[in-house]
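Paired with chain B in one complex and with chain C in the other, chain A is shared by the two complexes that follow.
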Partner chain A sequence: MVDFGFGLVPSSRINLDLFDKERYEELASMEPDVRKCMSCGSCTAVCTAGKYSATSLREAIECIHNGQPDKALGMLKSCQFCGKCTMVCPRGINTRHLILSINKTYGEL
Partner chain B sequence: MTPLSYILTAQAAEVAQAAPEVIDRIPSGYNHFVIPFCIGIAFFLIWITVGCIRLLLKIPHHDRLRFWASLVNPVTALKNIRDLFFDCLFHVKIWKRKPLLGYMHSAIAFGWFMLIVLGHIEVALFVPKRLGISKTALFYPIFYRFFVWMNPGHTTLRGWVFFFLMDFFLLYVLTGISLAVFKRFRSLALGMKHTTKPSFADRVALYSLWLIFPLRLLAESFTADLSGGSFLTIPVNHLWHFIFGDKLWIMPSWWLYSICLGLFFAAMPFSRYMHILTEVLWILLRNAGIKPNHPRKGVAEAEIYACSSCGLCLDACPMNVQKKNLKYSSVYFIRFLRRHNEKKINEIADKCLMCDKCHALCPVGVDAPALRRAQRATVNNSICFDYSYLDSASAAVEQGWTSPGPDCRPAEGEDSTPEVMYFAGCMSHLTPRIIKSVEKVFKAAGVSYVFADEGGGICCGRPLMLAGRNEAAAKTIAANKKMIEGSGCKTLVLSCPICFKVFKEEYHLEGIKVLHYTQFFNELIASGRLKPVMGQERLVYHDPCELGRGCNVYYEPRAALSQLGTLVKASKEYDESLCCGGSLGSLTLDARDRAKISEAAVISLVANKPDKIVTACPLCLKTFSESVANSSYPVDPVRVVDFAEAISESL
Partner chain C sequence: MKNNVLIVGGGPAGLEASSQLQRLGYNVILIERSTALGGHLAKWDRLFPSGVSARETLKSLMGHIEGVKYFTDTEVQSINRLEKSYNVILSNGITVLADAVLMTTGFDLFKASRKEEYGYGIYNRVITNADLEAYFRNGSDPRIDNPKRIGFVHCVGSRDEKAGCRSCSKVCCATAVKQAMEMKQAFPDADVFCFYMDLRLFGRHYEDMYLSAQRDYGIRFIRGRVAEVAENADGSLQVKAEDTVASKPLKASLDLLVLMAGMRPSVSGRRVGDLLEMPVEEDGYFSVKEGIVSGQKSPHPGIFLAGAATGPKTLPDTLADARAAAVMIDQYLSDVFPEAKHYKNLVRELW
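Up next, the complex of A and B:
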C-alpha cells in the first residue's frame, strides 16, 4: 500500500454504492421538489429547531445523496414544521412536504 | 221546475249533505301501483335506521351521553329546532348569499316537507282509520288523492283549505324544480360558476326527483274530478279533458309517480340526497358539541353524509382559480371519504390550504378542513420526532444559544409589572419590519412590555397541527405554555394569526388575556392612548384566514385602520376573503400554483384602487409583497404593508 501521507477517516467516508436509486425515485415522485435543491443552506440558517439541536434540511438532502438516510432522518427528527424554510427557500421548494416525504420514504428502514 | 222534482233535488242534496265529505273510493285502500314506492321507501327506512344505530354505537360512550343530554336540555333543544327549520327547510344561509339558489333549495325542501305533513294531516282528519297502525299507513297518505272520492255536494271550508294548500305547495315545489333543471344547464344564472359533477347514483336520484313532482301534478290532475282539487289541479284537469276527451290515463300516471318515488328512495342512500335526513342527525350531533376525531368513523360519518354535494365550496375554494384544482375541493373530498378511496382521500387532504372558507360558506356547516386534518393525522401523526431538546432549553440558555426566558414580575426596586408580553413567533422574525413597528407603537402608547422571543423562540405548534402531527404539536405547546405561565404575565400580545389561533384554542392559559395585536392596538386607539394622524391614503384590509375565519376577528383591524385613512372594500372580504396562497395549511401545493392564488387575491384586493394593501399576518405580508413585486398581471402600483407598520407610519 502506498503511503500518501494522509488517509480517510472511516466515520466520514462516503460510500456512494449505498445510494438507493429506487427509493430516491420514490421520494422524488412523492415530492419532485427534492431535485430543485441547490444546497444554499437558507433553510438551515433560519431553522427554528436548529437553534437547539442539529437540524438541517440541506444536510439531510446531501446525506440521502451520499447513501446515509439514517443520518438524514436524525437530522430532521427535531424539526418543528414551522415553515420558515419554505418562506426563505430561493428555489420555492415545498420544504415541509419534502421533510414529511423523506420521513415516509426512508422512515421504515 | 215542478214542485215534485224540486222536492227530489232537495232530498238528494240532503242525502249528499248527510254523506261524509270524503268517501273511501277503494274499500281495500290498496292498489298494485303502490308496490314500487313501498319497496323503495322500505329499503330506505331500513338503511337509515341501521345506519343511525351503527353510528350511535360507534361514538364514544361519553359523547353518546352528551348527545342524549343535549336533546333534553332546553337551550340546545331550542337551538336544534331553530337550526332544523333554518338550515334544513328554509336554507337561510344560502338565501343570504345567493337568493335565487336559496329560493330553489327552500322551495324543494320546505315545499315537499309541507306536502308530506299536510298530506298526513288530511288523512288524519278525513280518513283517520288509514293512519296509525293500519296496514296502509306507509303509502296511503302519499297517494291519498287516488284512494278517495270527494263528495261534491258536501265540501266544507276545511276541505277547500286543504285543497288550496296542497295545490299551493305543489306549485311551490314545481317552481323550485324548474329552477333546478335550469341550473343544471345554466348554473351561472343562479350565481354558481362551478357545479358538482354528479355520480351515477346522483343522476338516478336527480332525474327521478325532477320527475316526481310533474308526475304528481299529472296524476292528481287526472283524478281531480273524482277526488277534488284547487286552483292548479282543477284547471289542468279541464285541460286534459279538453285534449283527451273522457279517456284519461289515470292508472299509468299513478304507476309512474309511484315508480319515480320508489326509485328516488332506493337511490337516495348512495346519492347526494341522503343529506335530507342525515343533515338532521348532523345538526343534532353538532349542537351537542361532539367533534369528530377520525375522518371516517363515528360522528364524522354523520358529517360526511350531511354533505349535500351542492358545490358551493367549489366557487369558494381559493385553489379553484385554476380549473385543474377543482378535484381537490371539499365536496369531492367528502365523496371519496364515503367511498373509502384511501389514495384519493390522502391526495386531496394534503392539497388543501386550510383557509376554512368552505366551512364558513357551507349551508350545513360541514367542517371539511377539520376532517382533512384528521385524515392527515392518520398518516402523519406516527412520524417519529425527537423534541427532547425542549426539556433542556435552559441548557441552551446557559450555552448562549438563546436569550433567557422572559420575566414579567417586577424587578427589584421597581413596583410596576410590565403591562404586556409580546410574542412575535417564528414568521414575524423573518419579517422584522413587523417587530420594529410593533415596538414603535408600544413605545408611542407608553405600553411597558416584555419581548418573549426576542432572541428567537420555538414554534407555536399550529403548523404541526395543520399537518396532522398532533402529538408533536402537544410537545411544543407544553414547552411554550411553561415559558409563558412561568413569566407571570397577564396580557399576551401576538403578531402572527397562526400563533394567535393556537394560543387561544389549545393553550388554555388561565388568567392570561390572549390578544392579537390588531385587537390590542384598536383598544389603545379607542382608549386614546394612541393617536394616529388621519391621512389621505386609501387602504384596503386583507383578512388573514387564521385571524378572520379562524378566530372571528374582523371588526378590530378595520376599526383601527379607519382612523388612518379611507378604508376601501375588496371584492371579496370578511368570511369570503381569499387566501393569500402562502398558507402553511397546504402540504403539496407547489410554488407555481400558490402564485396563481396570490394573484387572484391581489386582484380582489385592488378592486377599489387602494394605495396600500394592509394585512395582519407575516405570511400574507411576504406572499403579497412578492406577488405585487413580480406581478406579471396588470396591477396598479400598490404598497403592501403590515397592520403595525400602517399604524406606526401614521403616528
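Up next, the complex of A and C:
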C-alpha cells in the first residue's frame, strides 16, 4: 500500500461501549470508595506532582470509566504518594491507596 | 353562616388544603377535572428520597378529607366577582357562592415528543419518567425487555429556552436518581448512566440518596446534555453527548433511554386563571401578590394559590404550601366575614 505520509488521526471521542466492566469491578472490590468520586477536583488542585506534569486522580477515574485505562495510568505515573489529596477529599476516599490499587489493577495492561 | 371555600384541583395540594380547612370548620368544596382524585401522585409508584409508596401516601391524604364535598369530572365553567365573594358555575350544573377560592391546579408534564432529537414516540426504546413509573406500578411494558444498558436524560423540557421552558423543574434530578436505583434493583446486571447538566437535588436526605446511587448501585453520572439519539437496526440506541468534565465528545449504545420530562404550567389551570384574569409570569406559572413573603396570595382578593400552580415543587413543598394556604384563607375570611362563626371539627387522632 502506498504511504501518503499521513494517517487517520485516532478519534478523541469517548466510546462508553469500550468500558471494561470486569476489570473495574475488580478494582471496586478492592477499593469500593472509587465509586464515591463526584469529580470535584480537590485532589488535582492540591497535587504537588501536578505542578510539573499532568497528574490528576479525578481525571484518571474519568478515563477508566470512559474506556481509556492507559491514559488513566499516564495521569498517575508522576504521583509521589505524598497523600495531600487524601487530606482534601470531601468524600473521605483514601485516594493514595486508590492510586496504588488503580496501578495494581490496570498496571499489567 | 359558614363560609364556603372552593378548591380547584384534587391533587396533593387540593387534598391537603381541603383537609386543613375542613378541620378549621369551613365548608369545603373540592373539584377535580379528571375522573379520580390524586393528580400526578395517583400515577406514581414510589417517592424520593426514601422510596415510600405513592399509593399509600395518597391513601393517607385521602383519609383526611372526610366531610369535604368533592366533585370529580368537574370543571369551572364561569366565575364572577361579587361584592365579597365569587359566584362560580361548575360544569356539573352546580353553582357555588365561594367566599374564598384556592387554586391548586398543579402542573402538566412536558410533552417529551417535542424534543424530536431524543426520538420519543419515534424510537421504540425511548420512554419517559412517567412511563417508567407506570411500568413500576403495573409491572409490564413491552419496551422494557431486560435492558442491559440504560440511560437517563435529565432536563427534558427544563432549562431549555428553545423549547420555551427556561426554568428548572426541581424534582427531576431526584426522580432520575431514584429511578436509576430502582432500575438497578430490577435489573442488577444493567449498566446505568445519568446524563445531567447540574445535579440539582438538595435538601434533607437527598445527598445520601446520590451517594448511595454511586456507592451502592454503581450508577455512572456523566455531566453533559444528550444532544442526539439514533436507532440501530436491532432497535438499540446510539446516544451522543459531550462529557463536559473530560471535555470530550462521547457516544454510547443503550437498550433503553428514559427522558426526565419536566413540569409545565397546567393548561387547564391557566384556563380557569384566564376566567379570573389572573396574571402569570414569564414562566407561565401564576403570579403571587407580593413576591416571596406572600407565597399563597394571588393579586385578586380572596383568590389563593398553592402547590405547583406557582412553580415546580416537590411533594413536601406542595403539602407545606397547602397548609400555609389554609392558614392564610382562615385569616382572610376572619377579617372579611367577622360575623361568621366556625367551629373546629375535632378529629381525635393518635399522635
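FYI, the second predicted complex is superposed on the first by the 98 of 109 C-alpha atoms of A that agree within 3 Å, B and C clash if a C-alpha of one lies under 4 Å from a C-alpha of the other, contacts with A are read in each partner's own complex, and residues count from 1 in each chain.
Going forward, a residue touches a chain if its C-beta (ideal position, glycine included) is under 8 Å from a C-beta of that chain, and two chains touch if they have at least 3 such contacts.
No experiment lies behind these values; they were computed from the predicted model shown.
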Task: Following the overlay on chain A, give me a clash-or-fit verdict for chain B and chain C.
output: fit
Task: Counting touched residues of chain A, say whether chain B or chain C comes out ahead.
output: B
Message: Applying the document's definition of touch, where does A:C79 land relative to chain B and chain C: first, second, both, or neither?
response: first
Task: Determine, under the contact definition given at the top, whether A:A28 touches first (chain B), second (chain C), both, or neither.
output: second
Task: Pick one for A:M38: touches chain B only (first), chain C only (second), both, or neither.
output: second
Query: Can A:V88 be said to touch chain B (first), chain C (second), both, or neither?
result: first
- prompt: Just chain B (first), just chain C (second), both, or neither: which does A:Y52 touch?
  reply: first
Message: On the A-aligned overlay, A:I14 touches which partner chain: chain B = first, chain C = second, or both, or neither?
response: second
Touched partner set for A:H65, first chain B, second chain C, both or neither: second
- line: Once both structures are superposed, the least CA distance from chain B to chain C in Å comes to 14
- prompt: Just which bits of chain A does chain B share with chain C as contact spots?
  reply: 33
Query: Mind pulling up the chain B residues that touch chain A in the complex?
result: 350, 379-380, 383-387, 389-390, 393, 396, 401-402, 426-427, 429-430, 456-460, 463-464, 467, 469, 472, 476, 582, 584, 587-592, 619, 622
Statement: Listed in rising order, the residues of chain C that touch chain A in the complex are 191, 193, 211, 214-215, 218, 220-221, 223, 243, 245-246, 248-253
Task: Over in the complex, which chain A residues touch chain C? Could you list them?
output: 12-17, 19, 21, 28, 32-33, 35-39, 59, 62-63, 65-66, 91
Chain B partner contacts - residues on chain A that touch it in the complex: 31, 33, 46, 48-49, 51-53, 77-84, 86-88, 92-94, 96-97, 100, 103-104, 107
